[in-house]
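Before anything else, here is the set of structures, which you'll find just below.
There are two complexes below, and they share chain A, which is joined by chain B in the first and by chain C in the second.
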Partner chain A sequence: MASDDELSLLLIVVDVNPLWWGRKAQEEPEFSLSKCIDAIMVLGNSHLVMNRNNRLAVIASHCQESHFLYPSKHWKGGDFASDENSAGSRDGKFELLTVANDLIVQEIKHLTARTQVRGQQTDTLLAGSLAKALCYIHRVTKQLEAGQEMKSRILVIKAAEDCASQYMNFMNVIFAAQKQGVLIDACVLDAESGLLQQACDITGGLYLKIPQTTSLGQYLLWVFLPDPDQRSQLVLPPPVHVDYRAACFCHRNLIEIGYVCSVCLSIFCNFSPICTTCETAFKIALPPVLKAKKKKPKLGT
Partner chain B sequence: MDEEPERAKRWEGEFERTWELLVEDESGSLKPSVEDILFKAKRKRVIESQGQIRLGMMRHMYIVLDASRTMEDQDLKPNRLTSTLKLLEFFVEEYFDQNPISQLGIIATKNKRAEKLTDLAGNPKKHIEALKRAVDTTCSGEPSLYNSLSLAMQNLKHMPGHTSREVLVIFSSLTTCDPANIYDLIKTLKSTKIRVSIIGLSAEVRVCTVLARETGGTYHVILDESHFKELLMYHVKPPPASSSSECSLIRMGFPQHTLVSISDQDSKPSFSMAHLDSTVGPGLTLGGYYCPQCKAKYSELPVECKVCGLTLVSAPHLARSFHHLFPLDAFKEIPLEEHQGERFCEGCQGDLKEQNVYICPSCESVFCMECDLFIHDTLHCCPSCVHSQP
Partner chain C sequence: MTTSSEDVLLAIKRVRQKKQDGILFLMAERIAWTPEGKDRFTVSHLYADIRCQKISPDGKAKIQLQLVLHTGETTNFHFTNESSALKDRDAVKDLLQQLLPKFKRKTNKELEEKNRMLQEDPLLFQLYKDLVVSQVISAEEFWANRLSLNSVDSSLPNHKQEVGISAAFLADVRPQTDGCNGLRYNLTSDIIESIFRTYPAVKQKYAENVPHNMTEKEFWTRFFQSHYFHRDRISMGVQDLFSECAKLDDKGLKTMVGQGVKNPLIDLTSLDDQTLDEGYGVSSAPSSSGCTKSVKETSNTAIIKRFNLHSAMVLAAGLRKHEPQNEQNSETSSTDGNSRDSDFFQPPLKKVKLQEAIEYQDLKQENGKKTIALTLKKSERYSHGPVPVQSQPYTTSQDIINSVNYIKHEMDNYTPHLNHVLSSSAASSAITALSPGGLLMQGGAHQAINQMVPNDIQSELKHLYVAAGELLRHFWSCFPVNSPFLEEKVVKMKSNLERFHSSKLRPFQEKVQRQYLSTNLTGHLEEMLQASYSKFHMWQSKRMIRKT
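Entry: the complex of A and B
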């Protein structure tokens, strides 16, 4: 059991890509963004109730920005009495949970109302949200009192597909999370995500693709609520097989044996004399050239 | 031999009043000024490392550890040897974290001889175990710089040309006992392009200065334990590649990790090749990494296949080195009063309280000091620049 000095921070990153949610609303009207947010609030409340010292944060990841739904910058914590929206808890619920729920709902409404998708930016900026999440975790860790330990984990709820252009930033974030000891769990609603599989494998988190989206709340409570210490005692979904093969830069095929440039670390499937990325010419080991023996000119008489 | 003018010695310079650097704040605490000094040192490291220079990513480094009589001195607590071993463990972890495809070896020198503690290998565990075991060694005799350097050279000579060959010497004695002329060895080291850097624990020794200067390395003498740590961390980053290092295409394998469970019918337990030379008995394991060329099994990567000689890595190992190739620019530092926007840090969502704020040059977002350090040391990408990608 966790002692009083150990706190656990759960940071939920929700993918609110409006294109994916809009398309989903037409295919499956019973699972909408508000149902998803409900399930997330249930998970958040349960986490806060598990231990007095637990903390929660929620980030919405959109196409243009990542926004902290909770704690929000417009709300200075600890100010329950003078909050004009909720004059005390209406149904006898713990104050903190009421405030959290109301804030999350309010902020997500503002976010979806004010942002518009511009041009070609249709991919969710997941790497940016994770980077901000790590900065937040770093700040909270620094602000702890002496003697308190904090274990943090990030739960990513992913809806849209992966964006290949974010690969490098994503990998930087994953390595930073591994260094800080932060687990990254992933709950995928639709398409399998290779990037998140790698993230979960490297940081030691759980990856799950949900078979039925309507029972999202159940999966969240069953799989992602327990702390990492208790996970060894539960029978959880088995780890997925992660494909760590590299893709060659010339054809984008997955290769098992390749050639790596020693300067820029780009991967090629065939040997070529010049690296296309950094344009260094390579030395090719040639067999030693034998000089032809000079025939002595016959001395003419 | 002595073409460069020597730097002026410390006692020849101006009289420095170093106690005036520490200033008490209102409550009489020295903590803010100490933190300020540490922070400035960190910033200096970030700013110095800018520039588009070619770095030597694949490194082969030997650490030469002085285990002579002077290492029992207690000016570093509890004694120099224990403190050095502790810092070296930390160094080994950071080294493999920042350079995953590099290799490291450890040599210890005492009693006028040099012996290898570990061979050149890419697995941090072996080195850390060897360092832990070395805590019990008795420090005696004199070190031999010649013997340890020639032992390192014998191994580094055979390394391929595209890797950087380095030796890091932790030297605490003021003397060395050599069987032959060390200046000849220095010439040989220079011709085989081995870069020797030295960290001195006692005082500046002339032969070390010459050695570092001729081979292109650095020589520093520590002031205290935190300075020692900082000097070690300086060697974690890849050094600029020398112009004579060859660039070549290295053939590497990317094995798949096969995870089989006991209930799987076709799974057969097999031996891992990594146990061929370890003292732990061979273990039968079910899953692992199979070399794509010869199908030998290994339990961890990166490793060089013992059967066919192919270097086996996984794609994240290469990805770890990418941030060296695309370094993040240093942020602009401006005082809090000049900043017109909201007093709000974009990274951690906290209020800006310190004296200075930091602005990213490409996306103009503002960050607090803690986020700035975190972003440059660990994260290597600006959170807001990621958002403005097309």
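Entry: the complex of A and C
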């Protein structure tokens, strides 16, 4: 049983790539970004309600920036009555939930409103969002009172495809999370993501690709709401087999056996006498040539 | 009764064994006992079998001798001859003491070694049981690799650790009252060694006197009786064996003090009673104008002197081996007996130590090590992840603009409807997919294998793996086959493997099948055995070709 002093922080990183969402919404109108945000709010509220000490944070991962939807800098905490916009809880809900929901809505609206169209930046800044998440977790850990412990996990809801250029940053973030003891769970809506599979495998989280996006809320509540301690008691989807193969530097094919340059450690699928990265020359040993046995000339005749 | 070539070294009558009277014979190679009136020996032990002998203590009524064999058996002989029992027993004991060392078997060490190894490592024991006891492999092959490892180890214990001297060794020799006004001291060889190391004068005396003038026992009795040993070491008047030792000790202490302390940083002279001049452990010899002091003072200084000597000796005994002689000589030359000069003299060793304590290697300036920089031409290749280059869906700029506008529009009009997040049909389909056996839960069945197989089968499988591994190791180590010895070994190992296969693996498989376990537990073992069979056949066919 978790003691009363143990905090559990759930950090949700939502991929709000407008290009992907816009295109998807045009194809399937039933599932749109609004529905996704609704489902996330349900998950967030449930998490806050599970335990008095639970905390929540939501980050939106955009092509241009990573933005904290909750908690927000613009929130002036305290007296709600003085704030005209939110006149307290309208439907008898727990105040914190109302505040959280309102903030999330407000912030996402502002975020999408200031989206600018840029051709080159079409990838979600996922590595950056994860880095911000880890910094937030670190800050909260430092602000704890003495004797309080905090367990944190990050849930990534991914929509767009992987971005290969963020690979290094991504791996650094994953290893940092592993060192900090932060789990990374992944809920993938569309394309399988090898990077997130690796992240979940390394940190000990859960990876799930959802077959039906309309039931997102149900998947979130069933699989990703329970704490890591409780997961051992539940029957959850088994871990995915992760493909850890490296990609060769020349063709970017995934290979199992290859040639590695001993100077610069670059990987190739075929042997080449000069390494193209560091220009070192290599020789490959040929099998020894067998000398033909000399036959002794026959004596006589 | 006795074989013709045996000569009887000693025959003792009236020796009882197991409540029967008889005669004890000591022959050239064995000791034997026959009951009174009988012809043959009922008890006979080769000297080689005897590990040690024990005698009953002197005070007891029964005079007995016990023989302990290597196997642990004991045989008791009770000497009942009224007049000469003790003499007889002692004669037997002495003879045995001379004879036993000659026959001490060296080869037994190996057996003991093997037993020890088997006892220490339960896995090895299990392997031994599986392979040797069930005749799959012979014992020599089993021990062939392992004993060779151990014979290397046996050379290591030669570098025994030097044992230091316990500072309380004399106090540990606690005397026990012997009943009638006497004191009994128990001396072990450790204590004797400590006494010799701390007081070399005593060692000298021992070497001089034992065994010419007196026995060991007498020597030690005198030692403990001497005033040298006791507190009040006022050794005037009483002419003792050890009064010289006291003088020698004083001399030794004087020279030690004269040498000074070599490394003042481990300075103990500040604890000294006498006031020293300013300086580093160098002092003149304490003024030995003992006659002017009172008797009490004399005895106090005597005790303190003894303690100092004792401690100095104990410390020196530990260091004596490691300090080279040159160091000693150089130090004595630099530190004179005069205390005045010590202010100007810094013993070099002290300086070095201080220097070490002050400087940190990390903080010094780097003496730039010459390094060769790596020149990379296309370093962006490293940062590309293992994401294979796939064809991306073509997005025109128009698409981008459309998507962005759509989202902007949607979010503008966004109000959360948390009541309508999920329809019940969607929820139930998701739940079905997540329930055991559902779409997303397919991979789970593989994990339960270690829960499906009972524990005893698992452990038996482990034993099989260990045994098979051992056999396969022997087999594969024969290749490449260079010598006729290896050829024979290969053939033998192949037959061993087949025997293992039929005698151990097949019954296990059948047992598993009988228990309706559908999992293929022995598949991998079979693969390994098949690989070795095919290698053997290949080698055999090659050999045939070469011969023809």
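Simple rule for what comes next: the second predicted complex is superposed on the first by the 263 of 301 C-alpha atoms of A that agree within 3 Å, B and C clash if a C-alpha of one lies under 4 Å from a C-alpha of the other, contacts with A are read in each partner's own complex, and residues count from 1 in each chain.
Everything below uses one rule, namely that a residue touches a chain if its C-beta (ideal position, glycine included) is under 8 Å from a C-beta of that chain, and two chains touch if they have at least 3 such contacts.
Treat the numbers as computed from the prediction; the structure is a model and nothing was measured.
Once the two complexes are laid over each other on the shared chain, residue contacts for A:Val263 go to chain B and to chain C alike. In the superposition on chain A, A:Leu195 contacts chain C only, with no contact to chain B.
In the superposition on chain A, A:Ala246 makes contact with both chain B and chain C. When the two complexes are overlaid on their common chain A, residue A:Leu125 makes contact with chain B while staying clear of chain C.
Contact with neither chain B nor chain C is seen for A:Leu69 once the two complexes are overlaid on the shared chain. Using the contact criterion defined above for the overlaid structures, shared-chain residue A:Met168 touches chain B and also reaches chain C.
Residue contacts after overlaying the shared chain place A:Leu7 against neither chain B nor chain C. Within the superposed three-chain model, A:Ile37 lies in touch with chain C and out of touch with chain B [touch as defined at top]. By the touch criterion defined above, A:Ile157 lies against neither chain B nor chain C after alignment on the C-alpha atoms of chain A.
Residue overlap on chain A between the chain B contacts of one complex and the chain C contacts of the other covers 165-166, 168, 171, 238-239, 241, 245-246, 263-264.
Partner chain A is touched in their complex by these residues of chain B: 54, 57-58, 97, 162-163, 241, 246-259, 261, 292-293, 310, 314-316, 318-323, 325-326, 344, 346-350, 370-371, 374-375, 378-384, 386-387, 389-390.
Within the complex formed with chain B, the residues of chain A that make contact are 64-66, 68, 71, 73, 120-121, 125, 127-128, 131-132, 134-136, 138-139, 142, 165-166, 168-169, 171-176, 179-180, 198, 202, 238-239, 241-246, 255-265, 267-268, 271-272, 275, 280-283. Across the interface of their complex, chain A is touched by residues 374-379, 381-389, 392, 395, 397, 399-408, 410-412, 414-418, 420-423, 426-427, 429-431, 433-434, 436, 439-444, 446-447 of chain C.
Partner chain C is touched in their complex by these residues of chain A: 18-23, 25-26, 32-35, 37-39, 41-42, 45, 101, 105, 108-109, 112-113, 115, 117, 119, 122, 161-162, 164-168, 170-171, 194-195, 208, 211-212, 214-215, 217-219, 222-223, 235-241, 245-247, 249, 251-254, 263-264, 266, 276-279.
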